[in-house]
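Each chain carries a letter (A, B, C and D) given by its place in the written order, and its residues are counted from 1.
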Amino acid sequence: MNTKQWKAKIYDIITKDDGDNRASRVFDLIIMALILGSIAAIVLESFDSLSEKYGTVFRVFEIVTVAVFTVEYLLRIWTADLLYPQEKHPRLKYIFSFMALMDLLAILPFYLPFISADLRYLRMVRLFRMFRLFRVFKLGRYVDALQTVVAVIRQSASRLIISMALCFFVMLFSAIIMYTVENPVQPEQFPNVVASLWWAICTLTTVGYGDVYPITAVGRFFAAIISLVGIGIIAIPTGIIAAGFSSAISSKGAEGDDAHRSYCPYCGHKIR
Amino acid sequence: MNTKQWKAKIYDIITKDDGDNRASRVFDLIIMALILGSIAAIVLESFDSLSEKYGTVFRVFEIVTVAVFTVEYLLRIWTADLLYPQEKHPRLKYIFSFMALMDLLAILPFYLPFISADLRYLRMVRLFRMFRLFRVFKLGRYVDALQTVVAVIRQSASRLIISMALCFFVMLFSAIIMYTVENPVQPEQFPNVVASLWWAICTLTTVGYGDVYPITAVGRFFAAIISLVGIGIIAIPTGIIAAGFSSAISSKGAEGDDAHRSYCPYCGHKIR
Amino acid sequence: MNTKQWKAKIYDIITKDDGDNRASRVFDLIIMALILGSIAAIVLESFDSLSEKYGTVFRVFEIVTVAVFTVEYLLRIWTADLLYPQEKHPRLKYIFSFMALMDLLAILPFYLPFISADLRYLRMVRLFRMFRLFRVFKLGRYVDALQTVVAVIRQSASRLIISMALCFFVMLFSAIIMYTVENPVQPEQFPNVVASLWWAICTLTTVGYGDVYPITAVGRFFAAIISLVGIGIIAIPTGIIAAGFSSAISSKGAEGDDAHRSYCPYCGHKIR
Amino acid sequence: MNTKQWKAKIYDIITKDDGDNRASRVFDLIIMALILGSIAAIVLESFDSLSEKYGTVFRVFEIVTVAVFTVEYLLRIWTADLLYPQEKHPRLKYIFSFMALMDLLAILPFYLPFISADLRYLRMVRLFRMFRLFRVFKLGRYVDALQTVVAVIRQSASRLIISMALCFFVMLFSAIIMYTVENPVQPEQFPNVVASLWWAICTLTTVGYGDVYPITAVGRFFAAIISLVGIGIIAIPTGIIAAGFSSAISSKGAEGDDAHRSYCPYCGHKIR
């Protein structure tokens, strides 16, 4: 078997999704196990007792994970010309694709001593490995549902952003009112507008921790109005998404559910 | 009356739902009373004063209930060949059906001394009797509405599971960020990622007990963003279910159900 | 003018809604002022300082209100034969109509010394005068919107009740689990299943006061799952109502908005 | 260039939205920067340390802002006859338009010594400059989404107001019940109906700060029912808005907007 055949085979294993290809499925399972293990490691390492006792185990697992992900990353770059056959610079295109950047971000800090020394950044950075799960989850029967959910959110994106902007507007407004009203009475709870904004967000999202709340009559009056507006604020994104799903479901019902799917022209994956 | 006729009659009473059959309705009412009584007993027994005073009453009621449910369970197995007339092993099929397993689970522990000794497990186990209510609730005018609700949830199941997965993903992400940010400042509130996850769930579901919340500026900034994302997270399942009901109602509307009824806003009477 | 003409005129004033009739509008405004005044009185009387200072004012206002409402009630009974011209016993029919019973309930206790002595009951009872507002609000441009809202809620009633039943089921389930798990650790917060039910309701409705919450790991695990289920629980009634409005709006769009309205055959009101 | 040409040019810059006009865009950016700077100043000034240190900077920025906004206001009045060419009194019409009144409100208090002396009022008043953002946001790709959101809220306005009225009705009802039940036990938490109303709003909007909550069995029973009703109360505006978006999207879908786009779930690219 020459290099070209090897490359095609590796490409088949790490990128394509035939269903029949056993090696491809084993590879996916290994990657998935490493990702989930990585996440589990972040969670478990945060327990002081565990991190003291099994420190070495965590470190070895991390090294193995980074090694595998690095090899995978390099192989993906190597086989990028098969992924984008009509591109002039397929490798450059792949390196700057969203998923490849996430991949790099998840392994690079390990090789940078000044970052890897700080556990705090390392932990954050390892989180980016989660994005890899999206690639692995191409398998399974939930792809169709995931596609619908993603499509609805994307279609509603501009409306959602506008409603979030509206929401932020209302929040700032509420924060300034409450700061003006409550600051003279409880200066420790509402020391400035930013602290007041914290209250506004807790209230408008209806989380309501109860660490900060108005105690003056005027403050409570405005808080009551703001809470009621909060219902409307929540209603808008919910309404947008509900309408999106409604239209997605009804348009699917009309099309007959699987007539229009084939391959994504960008990444080559079978859509269903 | 020979055995076969007896069997057919018992089958009619415990399984079939004729509407005309009086014995069947009486049987359903008795079972329902025992289930509701069972649940009431769990609630009432939890009061120390009542459990001391009426301990014997609770015990006798429990024995009667288990006896009746055991007889019912055995009769259902006996008449299983009438329920699945074309099956080769109707009794085995019945025993391993979901409802029969729930039935067994709700009475079996009573006969196992090592479990029945521990009140804690017994209480949990008696809860499974609630499932029996589903069988009894076949009667009544809400069947149609229940069917619609169940059908919509079922149809939306894969989308709901995906959105729950998305939700869990965001929760884990939030938990790790908050742990990193808040742990150094309040190590007792955010001792590890699991504790931080508790905060993330309380916030993203907008429950907000107020037992754990960020106090640093960076922590509050992230908490604010996470709360806003929480609105979206709640919006997705709501939107999915709303769309499901929309499509269910509109497909019904085509059949002429209750889309064209109108009500007088003053007296509430149906108009046409 | 003879009795018949008087009766017809009074009927026109208190019941009909011509728009042109000036006396009718004045009458409506007086009744509305008395209702709103009544409610304001309940609110203001609850302030100890005001109830001491203006006790007599409140009492006089109450006597005037009850007097006017009593006269109105008697006039409505007197003119009931014009409201239900084809009924055999129009007065009896009116007396037992929902609105008339509410009217009676709102004035009767004032005449019963053993009730009117207890301020607590009296306050509750005066609340029923609010229902009268529905009759007054027949005017105004919000009638159409109110009609849509009421119609949607009514059409969705059976589905909403089922989802509430489902909700209660989940709540009881959650309460029993949390009682079992948390009672041994914090017996004061979870003394019995009823107290645990209070927690379950606070959590599943996402109110989350923070007076009761789990502290054990197992308890938090279940609480997390229950909170997530809570999102779904809220999503179901929201979805039902959203779908109801969707169908109401789209069916209106098709019908052309005002083709099918006339008079309610039960109370005689013009619908629009 | 004579006055008329000057006027036309200024009108083009401050009011029209050509896209090509560079001066117009620069003007918009300056105004936008001043608005955002104004809001940032309100937020930053609220920090005691910053307001002491950079007091002069804030004051100079405020003077510049007010000067620019005053000039803009006067220019808009001057060019009002180009905005309303067929009006008899275009300037009067403009002065009493909503946006012009907001503009006046945002600068006028600065010139009134008795108001500008009180920082509290000044801060509130400067908030009104936010409204100006609506005028600037005419640019950008989110205009379409904003128009949809505004249109849906407008169309649903009467229904939303009715549902808010219903909401207020339920709140008052709940407040009076809770006051009656809880006042004798915790007179400090529920001193009067207004304080009880604060609790009702916190509960029905599911904010649940946890500063006030029932402790009696009867109070908790009613609170539980009220919380459940709260779900329905939130569901109504959500449903209304969802239905509004559904109808807005489906009417757009007929025009061929973005109903038929599909996205690849792996890489996120639009497919067709």
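One rule holds in what follows: a contact is a pair of C-beta atoms (placed from the backbone, for glycine too) under 8 Å apart; a residue touches a chain by one contact, two chains touch by 3 or more.
As the structure is a prediction and not an experimental result, all values here were calculated from the model.
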{"item": "If a chain touches subunit A and subunit B alike, it appears here", "value": "C, D"}
{"item": "Pair joined by more contacting C-beta pairs (A-D or B-D)", "value": "A-D"}
{"item": "Averaged-CA centre spacing for the pair subunit D and subunit C, given as whole angstrom", "value": "31"}
{"item": "Between subunit D and subunit B, distance of the C-alpha-averaged centres to the nearest whole Å", "value": "42"}
{"item": "Subunit A-subunit D separation of Cα centroids, rounded to whole Å", "value": "30"}
{"item": "Residues within subunit A bordering two or more other chains", "value": "146, 194, 197, 206-210, 234, 238-240, 242-244, 246, 250"}
{"item": "Chain contact graph, described as a line, ring, star, complete graph or other shape", "value": "complete"}
{"item": "Subunit B-facing residues of subunit C, complex", "value": "97-99, 134-135, 138, 143, 146-147, 150-151, 154-155, 158-159, 161-163, 165-166, 169, 172-173, 176-177, 179-180, 183, 191-194, 196-197, 203, 206-210, 213, 217, 220, 223-224, 227-228, 230-232, 234-236, 238-240, 242-244, 246-247, 250-251, 260, 264-267, 269, 271"}
{"item": "Sites on subunit B touched by subunit D in the complex", "value": "206, 208-210, 238-239, 242, 246"}
{"item": "Residues of subunit A that touch subunit B when the two form their complex", "value": "39, 42-43, 46-48, 120, 123-124, 127, 130, 141-142, 144-146, 148-149, 152-153, 160, 164, 167, 194, 197-198, 201-202, 205-211, 233-234, 237-238, 240-246, 248-250, 253"}
